Structures are given as C-alpha cells and as structure tokens.
Amino acid sequence: MLDVEAALAEAEAALGVIPAASATAIRAAARVSFYDAAAIAAEARQAGNLAIPLVHHLTKRVAADDAVAARYVHWGATSQDIIDTALVLQLRASVPSIVRDLQRAAEAAAGHARRHVDTLMPGRTWLQQATPTTFGLKAAGWLDALGRVEHALQSALTGALVLQFGGASGTLAALGPRGLAVAESLGARLKLSVPVLPWHAHRDRLAGLACALGVATGTLGKIARDLALLAQTEVGEAHERPAEAGGSSTMPHKRNPVRAAVALAAAVRAPGLVATILSAMPQEHERGLGGWQAEWDAIPELVGVSADAARAVAEALEGLVVDAGRMRANLDITRGLVLAEAVVMQLAPALGRQEAHALVEAASRRVVEEGRSLADVLAEDPAVTAVLGRPAIDAALSPEHYLGCAHTFVENALGRRGT
Amino acid sequence: MLDVEAALAEAEAALGVIPAASATAIRAAARVSFYDAAAIAAEARQAGNLAIPLVHHLTKRVAADDAVAARYVHWGATSQDIIDTALVLQLRASVPSIVRDLQRAAEAAAGHARRHVDTLMPGRTWLQQATPTTFGLKAAGWLDALGRVEHALQSALTGALVLQFGGASGTLAALGPRGLAVAESLGARLKLSVPVLPWHAHRDRLAGLACALGVATGTLGKIARDLALLAQTEVGEAHERPAEAGGSSTMPHKRNPVRAAVALAAAVRAPGLVATILSAMPQEHERGLGGWQAEWDAIPELVGVSADAARAVAEALEGLVVDAGRMRANLDITRGLVLAEAVVMQLAPALGRQEAHALVEAASRRVVEEGRSLADVLAEDPAVTAVLGRPAIDAALSPEHYLGCAHTFVENALGRRGT
Amino acid sequence: MLDVEAALAEAEAALGVIPAASATAIRAAARVSFYDAAAIAAEARQAGNLAIPLVHHLTKRVAADDAVAARYVHWGATSQDIIDTALVLQLRASVPSIVRDLQRAAEAAAGHARRHVDTLMPGRTWLQQATPTTFGLKAAGWLDALGRVEHALQSALTGALVLQFGGASGTLAALGPRGLAVAESLGARLKLSVPVLPWHAHRDRLAGLACALGVATGTLGKIARDLALLAQTEVGEAHERPAEAGGSSTMPHKRNPVRAAVALAAAVRAPGLVATILSAMPQEHERGLGGWQAEWDAIPELVGVSADAARAVAEALEGLVVDAGRMRANLDITRGLVLAEAVVMQLAPALGRQEAHALVEAASRRVVEEGRSLADVLAEDPAVTAVLGRPAIDAALSPEHYLGCAHTFVENALGRRGT
Amino acid sequence: MLDVEAALAEAEAALGVIPAASATAIRAAARVSFYDAAAIAAEARQAGNLAIPLVHHLTKRVAADDAVAARYVHWGATSQDIIDTALVLQLRASVPSIVRDLQRAAEAAAGHARRHVDTLMPGRTWLQQATPTTFGLKAAGWLDALGRVEHALQSALTGALVLQFGGASGTLAALGPRGLAVAESLGARLKLSVPVLPWHAHRDRLAGLACALGVATGTLGKIARDLALLAQTEVGEAHERPAEAGGSSTMPHKRNPVRAAVALAAAVRAPGLVATILSAMPQEHERGLGGWQAEWDAIPELVGVSADAARAVAEALEGLVVDAGRMRANLDITRGLVLAEAVVMQLAPALGRQEAHALVEAASRRVVEEGRSLADVLAEDPAVTAVLGRPAIDAALSPEHYLGCAHTFVENALGRRGT
C-alpha cells in the first residue's frame, strides 16, 4: 500500500498535479519499517478498512518533515484504489512461486514417467483393482494435468495484474481532466495494465485467479490422494521420503504422508474459499458493502493454501520412493482377475462381448469362491478352450501384454514438454 | 451417449476393428426414441452409473436385428468414456446459448452506455451516495465485465471439448495397438479434441469450465443487484419492463424485479455448485469413487443456473426502463453532500487535503443537523470563502462539473467493442 | 400447496372470515390431479414464483363451479405463505425416511459391533496401519455417530415444522383483527407449530435443518469412506454384498462399492448445498430477493442427496460381508511394527517414553530395511532384553493383548442403545 | 495444549499410572511463556502437526529439572488427543462471547421493538415497498431470530464440549486396563464430558457447532442487510451511530455502515467455512488424512468471523439512530399504492378477490402513469364508489388502519423474553 501511495504521488508529480518535492517527501516516508502494522490493523476495525488509518499515519509522518507534501498524500485516490492495487501487487509477488512449485512437481512427475514408462502396476477404479497400467502412465497423467493447471494459473495471474484507480465513485473526478494520464503513469510505474475503466465492484479478474488457484489445488489434491493411497501399509507401492522431523508422536514405525496431508487439506479448504470469493461478486453499485470486505481474508488464505499444496506435492514427488516390485506383486493379488477383461476381449470376437463377459464373470466368481487362479478355472471351461488354448490363456493373462497405448501415452505426454 | 456409442462403432469399423455391418446396425439402434429413459435411470441406481443399463438396452436392441453386431456394442470402451464424452457433447450443445445471452446482455449494456453517456446519477459506495457518476459509466462497467466473462467462458468451453476414451484403466488395452487410431477417428467424428492421454480422474478442464460459469454468474449477479437496488421504491431510477404475467399475488401495484431475482438466486447457487465440482477433483487413481459421481448432477445444474441468469439479465437489460429525471433528482437528496469531495479538492491545494477534508466534514455535519444546503453552510465559513467565493462554491457543487473521466471511460469501453 | 390453500379456506370459514360453502368448494378443487404441473411451472418463470400461477388456476377451477368461492381463494395470504408452508409439509413427509434409514444403518452397525466385539483388525491413521483395534470398535464408532446425527436431524426437523402465514408484509393485515385466530386454526389443521411471528425473511429454522442434513451426510460419507477403503483389493476386509445388477461394464471380476459411491458423492455435494442455503440467509427486509429463490431447488436437492446417502449406507451396512480372517492377516503385514507402541509402553517405565520411543524407532527401521520381524530384531538388542525377555517381547507383540478399552467402548456404545 | 498435557499427567498420577512427582514437574513446565510459539509452529510444518514439536519441547523442559518426569510426558496419548481437546477448550473459551453478543443484540432489538411498537414504516418485499408494517415488528423479527440462533449456538457448544482421549488408534491401549479411569479423571479435571468412545474421525459435534455458528452468522447478516438498506441515502430510516474514527478517506459526508459491512462480510465468509468443515467430515478409518488437517484453520476462522459479526450487529443495534419521521414519510412515496392491497381487501367481499385485484391493479397503473394519488383515482371509478365512498377509501388508505397483528406479534415476541 505504501508503494502504491508513493507511486501515485510520483505519477502526479510527473504530470504537474502535485509538486515534485511533495512526491519526494511521500516516497521517503513510504517505508514499511516506519509504521506499526498492528496499530494500523486495530484502527482499521473502527475505520472500516486498512487504507484509512494507513493514509492517516503516512500523512502524519510526511507532515513532520514537509507540511506541503502532507496535503498531497493519497491525492485523488479512494481507499479501495490503494487496497486493490496493493492486493494485485501482492498477488504478483506471491503467485509465481506457486507456478514454480507446479513446474517443480511437473518436472518430478516427468522423471517418474520417464523412469517408469514400463513399470507394471494395477490400474484401480472405484478403489478396486481394474486392469494393469504402468506407473509411468499414472505419473504422465499427473504431468499432463500439472501442465494445464500451471498454464491456466499463469494466464489468470496475467489477467489479474491490473491497476485499480478510480477515486470515490470510479470517475477520477478529483483529478479533473488529468485523471487518465495519472492512471497511465501510475500503471507504468507499478508495471500493471491500465484497465478500460475502474473495476471496484467488478471482481471477475480476481475471481478468475481464485478459480485457477482452486483448480490447481484440486489437481494437487488428486495427486496427493493417489500418493496417500499408494503409501497405504497394505499397498506399499510408493511413499514420501520421510521428513527429518517426521514420524508419529506415539508410533515409532509410522511414516505419515505429511506432504500428502498438506495437499489434501488444501484441497478440502480451497473450494470453500473459491466459493466465498464467487459469493462476494455481486457487489453493490460503484463500490460494495460486504462482498469486497469478504475478499480481504479469503484471497490471501487461498493463495497460502494453494502455495502449501504446490510445495508439498513438489516435495512429495521429488522425494517419492517407488517400489516397482511391490507394484508387480500387487498385480497378482487377484490371481488373474485384473486381466479378466483381457480374456473377454480375446473371447469376444468369437463369442460376442456380452457372452464373453458373462462367461468370464462366472469364472471370476469361481476364482473368488474357490481361491484358485483365473487361468486354471478358465482352462477347465470347454467354452473357453474351444477358442483359446492354455498358452493363449496364459498369454492373455500376462499384464505386460495388456497395456494398450500406455507407452505411447507416456511418450506423448513427455514429448509435449520437449523432453 | 447413444451418439458416442454409434460413433465409436463407426470409428472401429473404419479401422477394421469391428465389422462395418455391425457399426451400421449399432448406428441404426442408437436413437433416443427407442429407449425408456426413466427405466434406464432406475436401473442406473443399481448398476452404479447410467452407461451400464444403456449399453445393456442398446445391445439388446442391436441383437434383435443383428446378433453379430451386438457383440461389438461398446467395444473397448468403459462406462466413463461414454458418460464423460456425452457430457462434453452436452456442454457443447448448451453452453453457447449462455455465451449468446452474455452477448445480448453486453449489447443491451452498450446501448445504455451510449444513450446515457452523460446521464447524471449518484455514484454509490457502501450503499451510500458518494460522488456523481453517469448511468453511462455504470452500464459501461457492466459491458466491460460482460465482455471479459463471455470471453473467458468461450475459452473454457473450448478447453473442455475433449474426447474421453481410455477403456477400463485408461490404457485402451482392449483395443491393442489400434487404440490410438480409434481415438483419433472417434474424436474426428465427434469433432472433439483428442487429449494426450485419458483424463478419467483429472477433471481440471471441466472444473475450469465450471469456474468460468461461476464467474460469469457472479458478474450477472452483480448487474442484477444493481438493477434491484435501482428499482427500489425509494430510488426508482430504473426498472425491468414488467413481464406479462408479472405482478404480486396480493399487491396490484407491485412490479417485482423477477429477472433480477432469477440472476441473484443464480449467484447464490453457483458458488456452492462450483465448490462441489472443485471438491470432487481429488479422484482416486485411474477412476474415482464419489467425486466423479458428484459431478453428474452438479455440472448440469450449474449450466442451468448460469443459463437462467444470463437470459434473465439479457432480458432485464434489454427491457430496462431508465428514469433519468429521477437519477438527477436523487443527486439533490443530500443538499450538496455528494459533492463534498469536489469542494475538498478545490480547497486542498490551498489548505492541504486533510485540513480541507476536516473543514468540509464539519460543514457536512451542519448540513445534516440543520437541514440546510452545503453551499449555504460553506458560504458562511471564512476559511472557505478565503479560498472560494460563492460562484466558485456553486460551480464546485455542480455535479456535471465533477465527472472526471466518466465520458472517456464510456467511450473507451464502447470503442473496445468497435462501436 | 393445494393442501395449504384448502386448509386456509377451511380455517377462515371456521372463523367466519369466508363463507363455509366457499371453503368446501375450494377444498373440492384442491386436488393435484386437476392441474397441469408442467404448465404451472412454465408460467411460474414469468410470474416469479409457483404460487401465482397455481392460485390463478385454482381460482379458475373453483370459479367454474362456484363464483362466490372463487373470490375467497388464497384469502389474506401471500405467495410465500403458501410456498413456505408447503415446503415445510414436504419436509415433514420426506425427512422421516432419512431418519429411519439412519436408524437402519445404526441397527446394522450395532449388529456388527456386537458380532465383532473381539474381531482383531489394524487400526489405521493417516492411511497407515497404526496399532490394533477391533472391527467391533470401528462399527461402534459408526453406531455412536449415527445415533447423534439421527437425533440432531429429528430435532432440527421438529424445529422446522412451523407454519408460515403473514400476508404481504408479515402483519396479516388483510385479515384485520382475526389474523392470529386464522393462523392458529390453520396451524392446527396442518398440525404445524404457529410461530411467534412470520418468518418470511428469517430462515434459520430451515438452515438449521439443512445443516443437520449436511452433518448427517458427512457422517454417512465417513462410514462410506471406511467401507470403500476396507473393500480395496489389497485390503479386502469387508465388501458390500453386490447388487443384482452391479458389476462393471467391462471388467467381470469387479465388484464396485456402488453404495459407498452414492454416499461419498452425497458427502461431496451436501456441503455446497448447505453453503448455498446459508448464503441465502441474509434476505432483505420483509421478504427477500434472490436468497429465498435460491432455496427452492437447493433444499429439495439436499434432502434428496441426504436420503440417497442414508439409504445407501443402510443397505451397505446391512449387506456388509466381513472377512475377519483377512483382518487378522493384515495385522501381520508389518511383521510386528503395528505393535511397536506396545513395546514402547513396556519399555518406557524403565527407560522413559522418549528413549523407549527412539530405541523402538531404530528397531523399526531395521525391520523395514532387513525384512525381519520386530520380535527378532528387538530380541537382539541388549538394551531391550535388559528389560524384556523374549516371551515378554512376544506377549507385547500379540495384538489381542493390546486392545485397551476397545471391548468396554463397544459395550458402552451398545448399552447406550439398550441392547 | 499445555493445559491438557498437565491435566493428563495429574490424572495419571492420581490413578498411580505415573509418579505423583512427575505430574508436578510436568504441570510446572506447562506454562505458555516458556515456549516459542513461532518456532513450534515452524517445526509443526515438518512434523505434520503441532503436538509433536510441542511435546518435544515440553519434554525437554521437564527433563532439565526432572529426568524421570520427562519419561511420562504425553503418557498414553496421541497427538490428536491433545490437539482436539485443546480445540474444545478454546471453543469453550471463545464461543460464549459470541453468545453474549447475540444476547446484547437481542436486548437492543427488544428495546427497538418496545419503543417502536407503533412506528409506521413501509414493509418491503422483493426490494419494493409492499404494505405498511412497523419498525417494532421488524425489530421483533430480529429479536425472535436472535433468540433462536443464540439458543442453538449454546446447545451446539454444550454438545461439543467433549474430551478427546483415545491414544494411537482410539483404544487407549497404551494405558492397559486403566485407560477409562484416566479418561474419566482427565475429563473431570478439564470439566469436559467423557464420550462413549473416542471421536478422532467422527467430527459431527464440531460440525454441528460450526453449523450453529454459520446459521447465527446468517441471521446476523440478515439484520445487517436490513440495516444497510435502511441506511441508504434515499431511504434514510436508520443509521449506525458513527464510530469515532469512521468516515470515508475521501468523502467527508459519508457515514459508512461499517458494522453492517463487517457482518455482511462475515455472512459471505461463513458458508464457505461451514462447507469446508462439512467437506472434511469423511475422515479415514481411526484418524484421517487431510480432513482433520483442514479443520485446523477453518474452525478458528469461523469462530472469529462469527464473533466479528455478533459484536458488529450488537454495536450497530445498540447505537442505531432511528428516524421515525422518515419512515412515515417514505410510506407516502407511492401516493397510496402501498395500501392497494388494503383497498382490494375492502372491495373483495363485494367483488371477489381476483376482480378487486384487477380493478385496483388498473387504478395503480394510472397512479404511476398520471402521477396522482390512489385515493383520487379510485374515487373516480364507479365500480369502486359503488362499494366504498371517499371517506371509506381514505380510511382504507390510512396505514395505521392496515397493520393487522403487528402490535400483537411484537408483544408476543417481547413476552417470550419475559419483558
């Protein structure tokens, strides 16, 4: 906010709206260390917003050195001009680190995709083993989605880096005919776009950025959920490299997925924050009552929550310990059932998809009930052996033969990044 | 869903995966009128999703005519391929009407901005009259925001028009080496982009579209709130042209802003729906449990809610009856107080902003307490008259002299549209 | 709504406000089958609410038989009186089935708690095996929570069963001095409480009921999540008895937890619906604009979503197939690590909690790295054997010796229900 | 958290689980001033929760004085026991001030209801003037709702004041047979209820309290919205007594409703926070991953937001400046239209409600179009004068004759409170 006030004074001085010496004095006083943030925050409660007490204290300090300059503090601006523009500056300062952590996470996902392009593991749907997939494809899915949400976040941030400067009712009336020139100069000094008109009560750009943070956090939550599920004691296919101070307070063997927890918690919190920011959009007339104020905490919290999630997932993926042996072993838990579809597809040309499906469904039930392998059960069924001999059954039940386009998908996802 | 199944069969036939005659038979059976939607919906409750019973009924119908073709229904696909792709097709069919209504609303707003570029009215902040503005500038603000949300919605829709096709675990394993070629052909037939890899558990594109709907609805809600506030009995500056059947059931004089109510209700509902769709994002592994299912109702509802809001605001703006006289009259309610800032700015170069502010604040209190005009009170104050004579006071208190860049802002907003 | 209109006429007739014959005629016309719901819904879009066209059609039908009676349709009421009271009647008709399904679920949970009071299984925290617990205690936790949310829902429903009757602005002015007597009679006829005053813009009772539905759905989601996690292929400790039409469209071996999916999807949707209903609370003045209208769809949807979840969890628990052998076997996966805490507690009196913790933590690492059992590793450590001999180590590592109050907790939870 | 650790040690000492001297040493070390909160918070990020580093530092401090006692810090507890119980203690310390502010607000509302029981003002529906009401009835509506939400909040708080104590997996295994006795003693020392069983992953009580805060904030938002609308420059019927430091930074005449803004912002934020807490409910198994962690910030924020709203509305109502003259004057803005319904009711017995409605609707249109009073227009219509003469028309159009049960409703609302 002090940066905005100082740049405003300089823009106005450059255009002859206020004396050059006043701008110098205001800039000199615009240092964070000069002010008691807690006191200003306390006064803001009475005043209704943070800019009123800040301008008061800034003016007092300027006045101590230069009574004339004190007259020109906050010249032509309204509180919301300063608060909104300062928010935009803070977003510019904070969101890029989220973008970078998304890139780190993507880089780590790409590494896993490359290394594990042919690492077999069970595909899982509805939390049940389905057909085989590769850990490479799973990681490529993360990579692909991370790329999209990173791009969308970058684009939404760019869209939100817009100056707010309209004065009391958005007309810049207090600056007379020089309002637009001051706005242009102020925008240039702060390196912010100058909008077609002030947007005090039109919050779509901020809401769009909030949404991009929300969607990114959703994707990070999806990855974290996968990691947490893979790290389960009974699955054991991958786990976060333990943090130094990690571990449970009571159970020495526990290696809690603390980074996944951070990202999952963020994915629980972000939707409510996005909803708050959307709910705040119908702001009244030229500047609203209630909606704008609701953003003050919600937007910084959403940035913080998203940043936590991005860093946590980047660290989790960078330090992920993958157990390819356990992945392969888990594919055998169902004694061939995860390849039931493969057999269906082999039988279907001869028997039709629905009949093949019914036949293999019955065999699958026997596998479960009798504790035998699908290969053995199928080999006993003349309807099957009429179409497939035992070697063909065994081949159909080899997971490495039933990966379809997995390899290509991974290569394409990696290729997209120029790797 | 029937369109997807038919196109899938045709793509597979074109590539020799299934017989050409089978595709013809499947296409012939893929007519909505052949099926009992309510029965399929009821069966879906048992089955867990809509595709399972649909495929069952489709196969039965195909089988009645062509037993071979029946074997190839849904060949290589998983339920979610069909449901997601069908959703994408429905979004393509429905969202553009929202875009058109946003354009209609923008067109109507542009008309108001043009006609009322110089129509004086009170600017209002925190629901209090602030300084003067023009109805043209208010309408230009609507226009400007509508343009942005329309563009963002169009862009998010384009991003979401992506084929879903991955089979059970997203590898297209059931189609062997021809999976990708089938995907390409299917995408081309449905005129959908083919993604780098299946996105069963990565919902960011849909969530991005949901967010764009949510942001658009927030902007529509903002406009509706302005309209509802302007239409208040005590304000009376604009009102919706009554619908034919409008009116209260008990109060013959009432002209309820029914279209604003629709948009405001939508703006209350959309954030919760967006939050639901974001909350659903962390979907497990290759295909999720609970999150995906939560989208089934939430996405169509959000589209419906947004569509209602867009149509309502388009109609409200197209039929808006503006009372410029009342706008001008309302500027006089405060007996000059809304121009207090104008006087501050005139006095400030001589007295400093804070002193000028304090002086006019005191005068404003007397205006309220004594029921007199600000001009009269100021004219009695020697500290004021030392700087401004009565004619200068009166000029400072003329709202048409205190509009700053309002006219330019409106012209720029209209210029952006090439009007 | 027809029931409300008919009861209103009868209440007014009983008090001599309208002729008795008119009430008879209105009652006769108040049959759902007489009206075209779709047409009324279409007209409601123009009118702004459902009551306006309904009253119109009802009056027309009454008029066809009795012109005098037609004058007295809707006498003294406002649309919102009818819509809100009808909503309350619908809640009374629908919510009790949710209460009953919560009771069914509780009954089923109690059965599991009783049968499995001593069935050992791994306790799991942060999705990692922690220390042993029993399936009885897990089920008792469900039972305990279901009892609370059922009670809270019943109580919130009772609190919401309140007549709405206030006329245009909530004064019952149209009925003159007899307003309150009509309200009392109407409440008695509909068996609804009569409030201290109309609550058109005070929605706390409905919001409270919505919250109770939301909390109940959250608890149902928690149970469903447990069930889905227990049913994972790699865990296999419990699964829903398959529905007849269940099963995957492509994978014959899959037994998707379709009921858990319904409840989990509900738990994703309910929070957004509750938030919508809370967001709608700040309704303007005597009757609001936007907030009330947002409730129209959100409340019925929330009831539907909650009802789906309650029925799904009741069915899932009633048909739950529990594999106690697999539960016991899963306790051995960590080769004793889940009992690490038990050893810490045995060593702590001699060594201090933190030192014992550090020692066992080191041993645990060796268990993981060397693939040996915790008992074997500990038996080699003189610091351990100085305190515990091998038999004591083995006893400490027996899960049945480390269940603390589990049995008592289960008995207490069952005792609370008088079982 | 230190209070919980100390009470735990004392409970265990009382039961002979740990030495009495150890409990004394732990209690002595359990002072907030001994610890560096910021450092502990920083370590918590690595550890995954706040209790782990806190226990670490507490143990270190205890060890400095008493090595034996250090062994017994946190004996038998898990991190979540401490964090949850500390949360409950903080809720007990903070929520009652919200209850008191709700009571203050109710008291102030009761004062307005009593003083203004017969103060005429326009009733407003859909943001349009409807029929007359009294400010007393509006205030009585606030009073009535505040009483309900205060009662519900108190009741939800009581329901949430429950000890959390279960150890690693909720069995209290580490305490062997004495677990329950320790729990009872600990509960008694902290004056918290002891639950039937630990509730680590069952969050319904906290969610119920969150909901009660959300509903209370919704009611506060409704009151704030009314206040903000009444304070509009064009309405001017009531305004907050300005805060000392209030006022706009640029407009000396502005008296922004800063307290209403606080409550309205709270009403925008609370629904998203409640939704977050509901979304977090499906926590996994014995202790969850992500959901619990999401509560850590969301619950305190919701308490803070609700507290701000309650204090703001209490202050706003206590300092509300009511302009009864302006209320009466605003009733005349429509030149009688707000009493159109009154005339309909007078004409209806003779003409039927719908015909009377149509007739007065036509007259109302002429009032609007011709700028005349409803009395004058009606007096020209023979269909009217056949039923009502001019004196009867004037009487029907006197707002004080058309208040129905308003006075009684106010008295009943006040009577409920024993006033």
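The letters A, B, C and D name the chains in turn, as written, and every chain counts its residues from 1.
We adopt the following convention: a contact is a pair of C-beta atoms (placed from the backbone, for glycine too) under 8 Å apart; a residue touches a chain by one contact, two chains touch by 3 or more.
Note that the structure is a prediction, hence the values are computed from the model and not measured.
Under the contact definition, chain A and chain D share the contacting chains B, C. Each of A-C and C-D has its own count of C-beta contacts, and the greater count is at C-D. Separating the CA-averaged centres of chain A and chain C is a span of 30 Å.
Rounded to a whole number, the gap between the C-alpha centres of chain C and chain D is 23 angstrom.
Those residues of chain C in touch with two or more other chains are numbered 48, 74, 78, 124-127, 130-131, 167-168, 174, 221, 224-225, 228-229, 247-248, 250-251, 256-257, 261, 264, 267-268, 271-272, 275-276, 279, 289, 341, 344. Interface residues of chain C facing chain D in the complex, by the touch rule stated above, are 48, 59, 67-68, 70-76, 78, 123-127, 130-134, 137-138, 140-141, 144-145, 148-149, 152, 167-176, 179-180, 195-205, 207-208, 211-212, 214-215, 217-219, 221-222, 224-226, 229, 264, 267-268, 270-272, 274-276, 278-279, 281-289, 341-342, 344-345, 348-349, 351-355, 402-406, 408-410, 412-413, 416. Within the complex, the chain A residues that touch chain C are 122, 124-131, 228-229, 231-235, 247-248, 250-257, 261, 271-272, 275, 279, 330, 333-334, 337-338, 340-341, 344, 357-358, 360-361, 363-364, 367-368, 374. Taken together, the chain C residues at the contact with chain B in this complex read 43, 46-48, 51-53, 55, 74, 77-79, 167-168, 174, 221, 224-225, 228, 243-251, 256-258, 260-269, 271-273, 275-276, 279-280, 289-291, 293-294, 296-298, 301.
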